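As structure tokens, here come the structures.
Here chain A shows up in two complexes: once beside chain B, once beside chain C.
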Partner chain A sequence: MTQPNLIFLFVFSFPLLLAQVAPCAESPVFFEKHCYSCHDGQNRKGGLDLTTLKIEAPLDFERWVKVFDRLEAGEMPPKAKKQPSANEAAEAQKWLRQSLLKAELQKRKGESRTGLRRLTRAEYENTMRDLFHLDGMPLQGELPADGSAHGFDNNADALDISHVNLAKYIEAADRVLDMAIATRPNPPSITKQRISLANSAGFVAHVLLHGDGVILKDKKPDPEFPPAGAQMHIDQGAHERIGSFNNGSSVGLFRHEDESFHPYFIEFVTIYPGKYRVKTSLWSFQWDKGQVLPARGTEAARLSLVTLTGDGRGGGHPSTVLAYFDAPSLQEKKHEFTQWLNPREIIGFNAASLAQGGQTRGKKRAMGFTGPGIACDHLEIEGPFHAEWPPRSHKELFGDLPLAEFKLAEHPGVRPPKRKLTRQEMGAGKNRPDVEPGIWTVRSQEPLADAGRLLSHFLPRAFRRPVSTETQKHYLKRVEERLKAGDSFEAAMRWAYRAALCSADFLYHVEPAGKLDAYAMACRLSYFFWKSMPDEPLLSLAKAGKLNQGETLRSETDRLLKDGKSERFVEDFLGQWLKLRQIAATDPDRKLYPEFSPYLQDSMVKETRAYFREMLDKGLGASFLVQSDFAMLNEKLAVHYGIPAVSGSQIRRVTLPSGSVRGPFLTQAAIHKITANGTTTSPVTRGAFVLDRLLGQPPEPPPADVPAIEPDVRGAKTIREQLDKHRNNPSCANCHVKIDPPGFALEAFDVIGGSRTRYRSIGTGDPAPRGNIDPFIGISFKLGPPVDPAGEFFEGGSFKDISEFQKRMAQSPKLWSNLARQLAVYATAREVAFADRDAMTRLVETTQKKGGGIRTLIHELIQSELFSTR
Partner chain B sequence: MLDFVAEQSRQLNKQLSVADRQRLDQYFTSVRELEKRLKSLEEWEHKEKPKVAAQSPKDIDDQKEFVRKTGLMFEVIKVALETDSSRIITLFIDTTVIHNITHHGNRPEVLAELRSKEEGQFEVLGQFLDSLQNTKEGGDSLLDRTMVLYGNCMGSANSHSNYNLPVLLAGGGFKHGSHLAFDKQNNYPLTNLFVSMLQRLGIETNEFSSGRGSFRGLEMI
Partner chain C sequence: MGLPWKIMKSAVLAMVCLALPSLAETSQNVPLKITCQVTGLFAEDRQPDLRKVFGSIPSVKLIAIQYSKAEVTLEYAAKEFSNAKPDQVVKRLDDLVRNASRHALGIKPLSLTPREKLKLIEIQVEGLDCKGCALAAYEVVARVEGVERATASFKKGLITALVDPSKVDRGQLEKALKAREVHIKAP
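Up next, the complex of A and B:
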């Protein structure tokens, strides 16, 4: 007796649907005919009840968009059911599309598409750095983390603000002003210091006694400090007093850094922030029980910036990697670079290309050891260098007002400006501060006039747009009040500057509704490519009204992308789009992946960034996201990937041997590491990443009651066997028939991105051949079951390995549409609306017609209405 | 400064749409919140502190006398609690001087020395608890009104293991006189104790960090 019930239902549903949306007469019949039998109140297949879904409700609206997408893709109704005629389907889609557009317009009701948002952490730091020309001022680390919406942190929904943020902004403003304001008539003296790697109070001097390194002169053991042998050197202190480690000889090191061992050049601890010139001289060698022989190749050393915390508790201080440097065999290579140093920062060292582990050399110490070593002749630090004095940072605040000594007697009733005592805080640092010249500060003969002038220079720069005279008057009034209350001119102005840096005008992106004005356009461009405020040339173009011209936008885009500051874009965009920020989220298991090292991880990240940069510079198309004839490699990566003839630590473009699958993001180690957990891989995680990040089709989350998979590294079962249910259970198969195949293809790569044909296991298995793994690394893992990288495409057809998978995926138009979408979301700080879809499609079509790949895509995006309206 | 900053930012508000105004409202709320906090911090700074009759203790210079130094700190803490100078106190007992012998490697002579040092620590702890017990406040002893949590972040300093932590809780209005022992392989979370302690302070919560409920076997009286 089900028939009467069905009719009963239809009679009720029909008018309900009419009440929700303005229909065109035929379409509700379409849903009745082809959808309700599964998607009604009774059956609710996939949790969807179309009869009660209201298009105006925000959550329901999203579901209706999904309905639209599935209809358009021909995925619904399912192939097993009766299919609508082409005409029926087209009519239904047209109707639904119009309803969605109308509902979206309703939803927005006069709101802008991009919501009001504050600066992200990165934007805040870069804006401050550029505003004050303080290139390396550390600010991000002190600010609370931002959220994430639609994949990026620059969206209004990701950027809440609380009193915690505000308290931190006030602190940060104070620190910046402290660094920016000159407190002396002359710059700090430029000093030059040469430091031995075995500097006193350092780890290296200590391990030399145990034979983890040797002192070398003229590329031979230094007779004044023989290598440690069966008789260990004792009393580091005595050797330091004699000066054994500072006699100008080179230091050869056999040991990679670890939890107990952190080489530092601790004799120079930065006192004055600023630019320093750093020089070092490196070479490599093979050591054989007392003999120095040619090395196995060019080794690599890493220099890092280490911040001393002063609690004397050991070596693991917060640090950032500066760069890797080549150490060629028996041939000194001189390296030189300019680096911003902050107070309490020192340079750290690591013999990065040597194998980790192997702490002791054995009973005969260095005299019984045969193996590779990296030699450092010295490190030299010179600075700080200031192109002018007072520095630019000071001039942005105080212009050309002269500095004079503040004598209390000359300023009755005025409090002297506060000063912090400059000193060498770290005992180990041998460099000393200059003698403080008393209290020096700016002198103003006409404080109010000067204040007005200085504010009219600073405020528009800080707020990135013209500031009304009324606002300037308010700030000026406060300066006047501070002066009357007994503040020095410096302190009174500082009050105003601090207030400006904590105001919403500074902290927020201010954009008028509708079409962006010139200043907002300039900011959109500079925050897109530099994550920071516009520079003078860009601002001038804005002032001159040229930023609404296509040609100007084009040339400015090129200029901004060419500037070194665009590295911030590469880092920030990839960090979120490809989740590179998560590169260090897991530590690969030491037993399974003993060849993993920080050098490899750092190289992985460099590869991905360099590849994106190459795509930008050469205007490569979206297919290069998954397939390529070149890769960006250094020696470490090349060895890891099994690609011959690449030497040295620097990343460079390498033409791949034919048949190689390496190169694009899809087959880069960084991506493989980010989508694995350090011990095992999962086709589901990797498949979801490919679908979401590369194709723009994120899968639905799993049903709530699916149990977690227990990874099994004993070698008994492969992950693929454990995921069997995905294939055999129809309700799982629905989604997993799309998610799993890319994941299966990527099973060809392990958790650190190496190629594999068999899984590594700790338990059962066959002995593993060494392959490219460094001979000094102990191998205890075995080879377990074989990897099966074959699969079937959801759309039909199959692949037997990653290479076949790659070739087919490279042709997918979704690569283009997703790339466009990611860039649009990032550049406009909002999600792509349903109404914007046509514009996005046109963007891609125009790009493909013009050629020039991602470069053209970016140009087209910037010229589009999407970019130039709020 | 915060008033001024809020005032200036209101100018911005005028040009915004409804949804944007709601977003900027978070900023104004933050400013007000911060103002309130700074004000109460300032009030605290200017609040009259309790007058303490006790003499200023003389510090012990010899770093090796860390047991006696600990005892001295306990005395200061007791005075602080007694005069209501503070209600929450954290003390880190620096055992660097005996660091070497905590890595005893099971050598009997080292274990003996370590034992004597640790017994010394417990002696001064006992004296501290006694002094709290003997101080009256209202109808209770100071110990009844003070939760004393004493423990170590390592179950074994010898191996630097962070499991099987030894923890002692005294006072605070709980039922004492027992040893609550749990599974040595799958440790019961210490954070549940923190939940109980928070509840004892009158904070209504069932969670703290990884703790998901109050401590099993611990009764409030």
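Up next, the complex of A and C:
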């Protein structure tokens, strides 16, 4: 691949600087002597004329920074050219550094480093959830997607706002208030519903007729519903009506979900949002042509949250994974958890650990089949549970004002508050709503006094800081206007609340210029670790003026990281830093990677998150990004990685056998999948990922006129052989000499993160051994050319495999500086500027001096001026 | 004499007026009996299911089941269907039974076709010994016009139909069964 060497262009046009910034007697000579020959207006090597670049122009400034970096790294002038003396180079760097600092300070004069920014979609949703104690309220799916700048979507440069956003904020505020306000005197009644997996109108009942599963009673085939054999069951409806699926028996499935099979517990479709207790009982077995035998091990089933769309029929409705649950051999395992459910949501099921698209049951169906099965005894859903009534969401809005029935006769001239009829929207749902109690609403004897009191409670919480009396009066005036216009008290207050939730005070991060005040600091902390508003302890500390004290900041940081809400940070930060959000961007080729499954993919993501959490909790250093003595695994991943003795679906810390390269981000399957295209791997893509994401040295983008390399899945030519053509081109080699080595090392891992010594091929090649692949998965790929994971470091030296590469890379100081940079960019919502470099260096140095790891780094960052100034 | 008589007459009239509603009530509470044909009773072992269904309908009492004729004798209070015309009573009973049995059982009027005009057709079948499958096969046959009564048992491998030969023949029944993927044994 050709790559214009921008470096030449940058370095050889330095004389222009003379005209733009304070000249230095030494520097012009340096640039004239070492740079002009390639990068002046005539030569424009690499397509760039540095003599026209103005250091105060934003784009040009960035280029000058790159020139500085190349110069500092000793990459320029190129080795083939006459080299400056050490003194000359140092002087030039010093001059350029000062020039850049001066230009940046001039540019920033009067401006804050972090721009005004709105809440991201995730921040908006979390803030609403925490503000109203509505833990699972879905909002961000309805809002326009956020942009991204400097790697993160919370960056001010990415957070513009349009009329679409505003329209959506109004809709969202209405939805939130609908959910928050109590409209009945008592909570919805708590119901308990036990559902068989073979519930009416579901997919499972259908496949049971065909022998993709069986009904089991006392761990034997249910005599009332014999397993399908040469004859299958006929007429699903007749079986449903006569109660074949509803007699308390268990359902054993042999089939993984697929495009035409979506197991749902559709008999419970949520009507009332809230917290529900979900229980299930699972076990596994080996089915042998009519007999139930001990299973091959612990299998795993997945429960997911499915949102029914349209009329709710069919499958493929949007879903999110709740969790994977163990199903031990012939032993029921009861699982119980609390889950927030929203209207139209149901629970979905998948026999996750079974082979996807596995062996068919054949003509004799279940009676001719031998293989693993997962049994589900039932699913029980109980709720909704409300700790108090009216709920906390309502009390945040209306305090302790009583609820009363609204009777028109008692309120002449007042419009009753609007109410939507609560109903079961899905025909398949057997749960029904309570009888509507009439129109119930808050009653106020002194509306304006109550409104003032309620607003003075709500507004500071919503705006995350004290609110002036003037602002409160502004909202109170609106309430007064609405009351005069004939609105009920609830409707008038709702008007003010909606306005507040659509105001800049709520939608934006309000931070003062310069040093952050205590409330802004509380917000920075909570949006960093929780992606949401500060809680009461944080705000109390802010109010007491204690939050800017070092020890308090430290203890609050630890408290926030310990709280379950910090998983939002782990998920959001990794989703962007390591691009985990793109994990499902490609579907691995079924012929080349038949063992790939959603369970494997979900496990990959969990591994990366759990590993980062372990780094946080144990305070591990940056070398653990690339080298480790432990891994975070479940059975699925352990089998995938060839690591023995890990059983079950839950991720846990596993000490690695000697010589294992697994564990760190560098060798995690998630990273390998994200950096592959589903069919084959490219050292360029993976090398660029390592340089950019782990080392903080993003390569220049490829030239537009160079086509991407097409993968050769026939196995005739390796990617390295194809790349050699590019690498042998001098104009390409300058970049590829840096990009390719990490990519070559990662050739040891295939598209889905499996270890390999030979490429898989669907054309020529040797028969492939099954290895760890499930025996129920058909294999048709072959083994093609051998993998060569060796390479040479740009800085000198070589490695023969991934293990040697890891050892060398673990020593790189760039790991630390990049980790610090990524955290700083994320935490402060702005790019680390050239003028911040010294501060960043100090962060890392202090962390290392203290012998600390990522936790110490985070503490240092939070205590730094970088974090505490806007 | 005139006055006492008048008083007495008024008193009697008043008593009659007072007594009328309770007399009407008494007539409404009179239990009525009815014999009907039952659908969904495709095998002898369905009788407990039928009893269970009637057990869940408090307004109707099951007096007797005549399995061989697929008939039931029921008792109900007249007031239960007071607003129904006589020909609607069976329909009302059918609704009750269908709702209580998830439409696996039902009630219909007695057949008007004399037994001697009906013909018994027996079809040998193969399938799973399963109530759901038997109900499905039964319904395939029972819904064919001209079929008065039917039974289905995959345990016995036999489906029977009492049919009006002027309306339906074996071929039509076999065709309907095959369309439902019921495997018919070769003779």
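The criterion applied here is as follows: the second predicted complex is superposed on the first by the 843 of 870 C-alpha atoms of A that agree within 3 Å, B and C clash if a C-alpha of one lies under 4 Å from a C-alpha of the other, contacts with A are read in each partner's own complex, and residues count from 1 in each chain.
Everything below uses one rule, namely that a contact is a pair of C-beta atoms (placed from the backbone, for glycine too) under 8 Å apart; a residue touches a chain by one contact, two chains touch by 3 or more.
From a predicted model like this one, the values you see are computed outputs, not experimental measurements.
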{"item": "Which superposed partner A:545 touches (first chain B, second chain C, both, neither)", "value": "neither"}
{"item": "Which of chain B and chain C A:74 touches, first, second, both or neither", "value": "neither"}
{"item": "Which partner reaches more residues of chain A (counting touched residues only), chain B or chain C", "value": "B"}
{"item": "Touching partner for A:248 - first (chain B), second (chain C), both, neither", "value": "neither"}
{"item": "Chain B versus chain C as contact partner of A:362, first or second or both or neither", "value": "neither"}
{"item": "Contacts of A:763 with chain B and chain C, given as first, second, both or neither", "value": "neither"}
{"item": "Partner chain in contact with A:642 - chain B first, chain C second, else both or neither", "value": "neither"}
{"item": "Partner chain in contact with A:503 - chain B first, chain C second, else both or neither", "value": "first"}
{"item": "Contacts on chain A seen with chain B and repeated with chain C across the two complexes", "value": "none"}
{"item": "Chain A-facing residues of chain C, complex", "value": "101-104, 126-133, 135-137, 139, 180-183"}
{"item": "Complex interface listing, chain B residues touching chain A", "value": "1, 4-5, 7-9, 11-12, 15-20, 23-24, 26-27, 30-31, 33-34, 37"}
{"item": "Chain C-touching residues of chain A, taken from the complex the two chains share", "value": "224-226, 228-229, 231-235, 237-244"}
{"item": "Residues on chain A engaged by chain B in the complex (per definition of touch)", "value": "110-112, 115-118, 156, 160-163, 165-167, 170, 471, 474, 478, 495, 498-499, 502-505, 507-508, 510, 512-513"}
